[in-house]
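Common to both upcoming complexes is chain A, partnered first by chain B, then by chain C.
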Partner chain A sequence: MAEQFKMAQPKEYFKKFLENDIRPDNRELGEFRPTVLNIGCVSTAEGSALVKLGNTTVMCGVKAEVAQPDADKPKDGFLVPNVELSALCSPSFRPGPPGEQAQVLSQNMADLLQTSKCINLEDLCICPGKLVWVLHIDLVCLDYDGNVMDACTLALISALKNTSLPAVTVDEDTGDIKTDPTSLSNLPVSCCPVSTSFIIFDHNVLLVDPTNEEERLATGAVTVVVEGENLVSIYKPGGSALTDDQIETCIDRAVERSREASKLIKETLYSIDR
Partner chain B sequence: MPTDTRRLTGPESSQSPYNFAPATKLDLSNLESRPDGRKAHQLRPLFLRTDVISQARGSSYIEMNETKAICAVYGPREVLRREDFSLKGQLTCEFKFTTFSCKKRRQHQQDSQEKDLSVHVLEALEPAVCLHKYPKSQINIFITVLQHDGSAQEEQAILKSTVKPAEASVGCVTVAFLPSLSQVSAISSDGDLSFESLNKTMQACVTDCQRLYPVLEHALVKHQQDTEAANR
Partner chain C sequence: MASFTVVKKEDLDAELEKGPKCVLRGQTSDLGCLTRQDGSVSLSQGDTTSIAVVYGPAEVRINKEKIDRATVEVIYRPKIGLPRPNHRKQERIMRNTLEAAIAANLHPRSSISVVIQETEDLGSNLSCSINSACLALLDAAVSMNFMVASVTVAIKENSDMILDPTKRDETEAKSVLTYVFDSVNYQILTIVSCGKFSRSEHKKGLTLAREAAKSVFQFYRESMSKKLLMSE
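This part shows the complex of A and B:
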C-alpha cells in the first residue's frame, strides 16, 4: 500500500513523514547519511579517494603531468577539475559528452579550488617560465543517489591531500628534464573546504544531504561551503526564497559538518599512514 | 584536435613526468615465477561483489589485485532512434577506462582501444543474454575500469543482471566461455601464435574459466541470500 501511495503522490507521502520530523529513510531533517571515505585506493593515480554518502559514490583520481606555464604567469601551475556523470551511475544519464549538470559541477569544483586557495598554484612550479605541474583532477560518479556536490568536494579534497608528486628537475643549461620516480613529496594542501547541501521542500522545510528522490521533489537548493569556521561560498541557484534565519541555520549546520568531515579525513589519512 | 568546450581543459599540451624517467624493463623470461611471484598459469586472486550501484538494474564490482572495474546494466528501455528499431532485443556495451586508471593519463572520449574492447565484450555476451524476451527494447551495459593493471577484459564479462541472463558468462583474457552450456562464446587472439600453442592456450583458458565460475556463482548466491534475509 505504502509503495502505491509513494508512486501516486510522492509529495503527500513525503509530507506525512515530515509531519513527524523524520524522513522516509529514518533520518532526521538535519542528519547526513553515513559517510565512508577510502583514501589512496587507486595506485595508478598520483592521489585518489573514494567517497560514499549513503548510496552515492564518487571516485576522485589526480593525475599529474608537466607542461609549459602561461607566459603571463610563469610560476603558476594548473588545476583542472572535471566531474563525470557517466551513464553508468544512473538511468537518467546517457552516454556522450557531459551534460549541463556535470558541467556545472565541474565549474563549481574549479571555483571552490580557486576561492578557498587550498592549493597555492606557485607550489606547482618546477622551473619558473619553463615547467609547471598540471593536476588533472577527475571525479567519476559511480552511483548517483543525490547530493553529488558534497561527495565530490569531499573526494576532491581527500584526493589532493593524498597526492604525492615525483621529483622532477630541469637542467639549467641544456633544458633537459629528469624525473626520479623513487623520491616522492606530498602536495601541500593548506585548508580543507567542506560543502554541505540542502534542499528546500515545499518552500519552507530544509533537508540536509538529499537523496535522489528528495532532490526530485525539491523546490530549491542551497550549497554552503565552509572552511573551518569561515564561510567560503554560498551557492543558491534560484528556487524558493529563504529567510535570513534559515540561511543562518544552514551555515551553522555546515560548520558542524565541516568539523565532522575534517575529522574523518584526518583519521583516514592517519590510518593509511601507519 | 578539436577543443572540448564542455569540459575544463588545461594547457594545450602536457606530458607525463614518467616520460623523463629511466625506463624499466619487465623480465618475463623466467616462466617459473613472474615478477609478482605468480607461476605462469596462475590467476590473480579474485574479488567479486554484485549489486554495488543502487540505481542500476544489475551491477558488479571486480578486483584482481591491482585491476579494478565496475559494471552496470540498465534496461530494458525503449530504443531511442527509430533506425535502431528491431523486433529482437538489443544489447549495447560501453567500455571505458577512467582517465586515472593507467600509468599514462587517458582521454575523456572513448579511444579506439576502448571501442575495440566494447565490441569484444558485446560479442562475448550476446549469446548469453535471452534477447528474444525483450522485443523492441534495449539493454545497456556500462563498464568502467577504475584501475588497470592488465587483462581488464576479463572483468567485462563477469556481470550479473536481474534481466534474466540465460547464462552468466565468464570471460578470459581471450576466451569467453559459457560454463553450464560448455560453449565458447568468443575468442580473440592477438599476435603471432602457432596453431599448436593457440590450442594449448585455449585449453588453459577454458579450464581457468571453469575455475572462475564457482566464484561468480558464490557471489550471486550470496547476494540472493542477502536480499532474502533483508526482505524477511
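This part shows the complex of A and C:
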C-alpha cells in the first residue's frame, strides 16, 4: 500500500514522514547519509578519491601535464575541473555533450577552487614563464542519487590532498623535459573547504543532504561552503524565499558538517600513509 | 539596435571618482524600447546596461512542455563571444529566481522566455540582468507572484561595504555578494557569492542590500507609472 501511495501522491507521502520529523530513509532532517571516502584508489592518476554519500558515488582523478603559462601570469599553473554526469549514472541524463547541470557543477567547482584559494597557483610553477603544471581534475559521477555537489567537493579536496607531482628537470641546451617519477612531492593544499547542501521542501522545511527523490520534490535549494569558521560561498539560486534565520541555521549546520568532513579526510589520509 | 562602446581606462577612473558609495548608482529604464516583443526594457544601473525582452506566454516545444505550469526559459547573451559555462550558471540562477516570481501555474502548457543581452558590464552585472528581466516581465504584463529586486554588495579587505560596486570595486574587493529579494516580505530568494567572507559580514551585507532593494522596488513603480502615463 505504501508503494502506491508514494507513486500517486509523492508529496503527501513525504509530508506524512515529516510530521514525525523523520525522512523515508530513517534519517533526521539535519542528518547526512553515511559518507565513505577512499583516497588514492586510482594508481595511474597523480591523485584520486572515491566518495560515497549514501548511494551517490563520485570518483575524482587528478592528472597532471606540463604546459606553457599565460604571458601575463608567468608563474601561475592551471586547474581545470570538469564534472561528468554521463548516461551511466542516471536515466535523466543523455549521452552527448555536457548538459546544463554538468556545466553548472563544473563552474561551481572552478569557482570553489578560485575563491577558497586552497591551491596556490604559483606552487604549480616549474620554470617561470616557460613551464607550469596543468592539473586536469576529472570528476565522474557513477551513481546519481542526489546531492552531487557535496560529493564532488569532498572528492575534489581529497584527491588534491592526495596529489603528488614528480620532480621535473629541464635540459638548458636541448630544452628537453625530464620527469623523475622516483622523487615525488606532495601538492600543498592550504585549506579544506566543505560544502553542505540543503533543499527546501514545501517552501519552509529545510532538509540536509537530499536524495534524488527529495531533490525532485524540492521547491528550492541552498549550498553553503565553509572553511573552518569562514564562509567560502553561499549559493542559493532562486526557489522558495527564506528568512534570515533559516539562512543562519544552514550556516550553523554547514560549520558542523565541515568539522566532521575535515576529520574524515584527515583520518583517511592518515590511514593510507601508514 | 543598441550601440556598443569600448571601455577605456580613463572612463573607469572617472567612474571611480563619482559620488558616494553607500547608495545605488543612478538607474534609468526605457520600457518598450523594442517593438516586436511582448515586453522589452533597456535598464542601466550606473554605467552597467542590459536589454531584456520577454516572449510569452507562447507556444512551447513539446519536449519542454509541463502540464501544470508554464516553462520558464532564460537566455543570457554576453557582450562578446559565445555563452560559456559561467554564463550557463548565471542563466540557471536567473531562471530559478524568475520561476519563483512568475505565476507559472496560470499558464499551463506554454512557455515564457526571457532573453537578456548584456550591453555594458561595469560592475554588478548579475543584479542589472535580474532587475532588467523583472522590468521586462512587468512590461509584458506577465502575471507574477511578486517582483524581485537584486542588489550587489562588495566587501573590501577592511570589511567596508560598497553597495552596487563598479567593476573596479569588484576586482579590488575580497568578496562580492549578490542578493535577490521578493517584494512582499523582502525575504531572500537568491544569494550568490564570490570570495571568502565572515558571518558578520554576510549579516551586514544582507541588511544593507535589503534596504537598497526597497529603493529598487520604488524605481520599478516609478518606471511603470511613467510608462502608463505616456500611453494614456
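Please note the rule applied: the second predicted complex is superposed on the first by the 270 of 274 C-alpha atoms of A that agree within 3 Å, B and C clash if a C-alpha of one lies under 4 Å from a C-alpha of the other, contacts with A are read in each partner's own complex, and residues count from 1 in each chain.
Assume contacts are C-beta pairs under 8 Å (C-beta built on N, C-alpha and C of every residue); 3 or more make two chains touch, one makes a residue touch a chain.
Quick caveat: nothing in here was measured; it's all calculated off a predicted structure.
Overlay on chain A: chain B and chain C fit together in the combined arrangement. After the superposition on chain A, the angle chain B-chain A-chain C between C-alpha centres rounds to 120°, nearest 10.
Of the two partner chains placed around the shared chain by superposition, neither chain B nor chain C is touched by A:3. Of the two partner chains, chain C is the only one that A:235 touches; chain B does not reach it. Touch criterion not met for A:19: it reaches neither chain B nor chain C. When both complexes are overlaid on chain A, the residue A:106 reaches chain B and chain C alike.
Look at A:220: by the touch rule set out above, it reaches chain C but stays clear of chain B. Chain A has more of its residues touched by B than by the other of chain B and chain C. Shared-chain residue A:91: touches chain B; no touch with chain C. In the superposed pair of complexes, A:173 makes contact with neither chain B nor chain C.
Within the superposed three-chain model, A:245 lies out of touch with both chain B and chain C [touch as defined at top]. After the two structures are overlaid on chain A, the closest C-alpha atoms of chain B and chain C sit 6 Å apart.
In the superposition on chain A, the residues of chain A contacting both chain B and chain C are 103, 106-107, 110. Chain contact summary for the complex, chain A toward chain C: residues 100, 103-104, 106-108, 110-111, 115-117, 220, 227, 229-244, 247, 251.
Residues 4, 6-11, 13-21, 52-56, 66, 68, 70, 72, 74, 77, 94, 96, 98-103, 105, 108, 140, 142-144, 146-149 of chain B are the ones touching chain A in the complex.
Those residues of chain C whose C-beta lies close enough to touch chain A in the complex are 85-86, 88-89, 91-100, 175, 177, 180, 182, 185, 187-199, 202-203, 206. Chain A makes touch with chain B in their complex at residues 42-45, 48, 55, 57, 59, 61-70, 78, 80-82, 84, 86-91, 95, 97-98, 102-103, 106-107, 110, 134, 136, 138, 140, 142-145, 165-166, 168, 177-181, 212.
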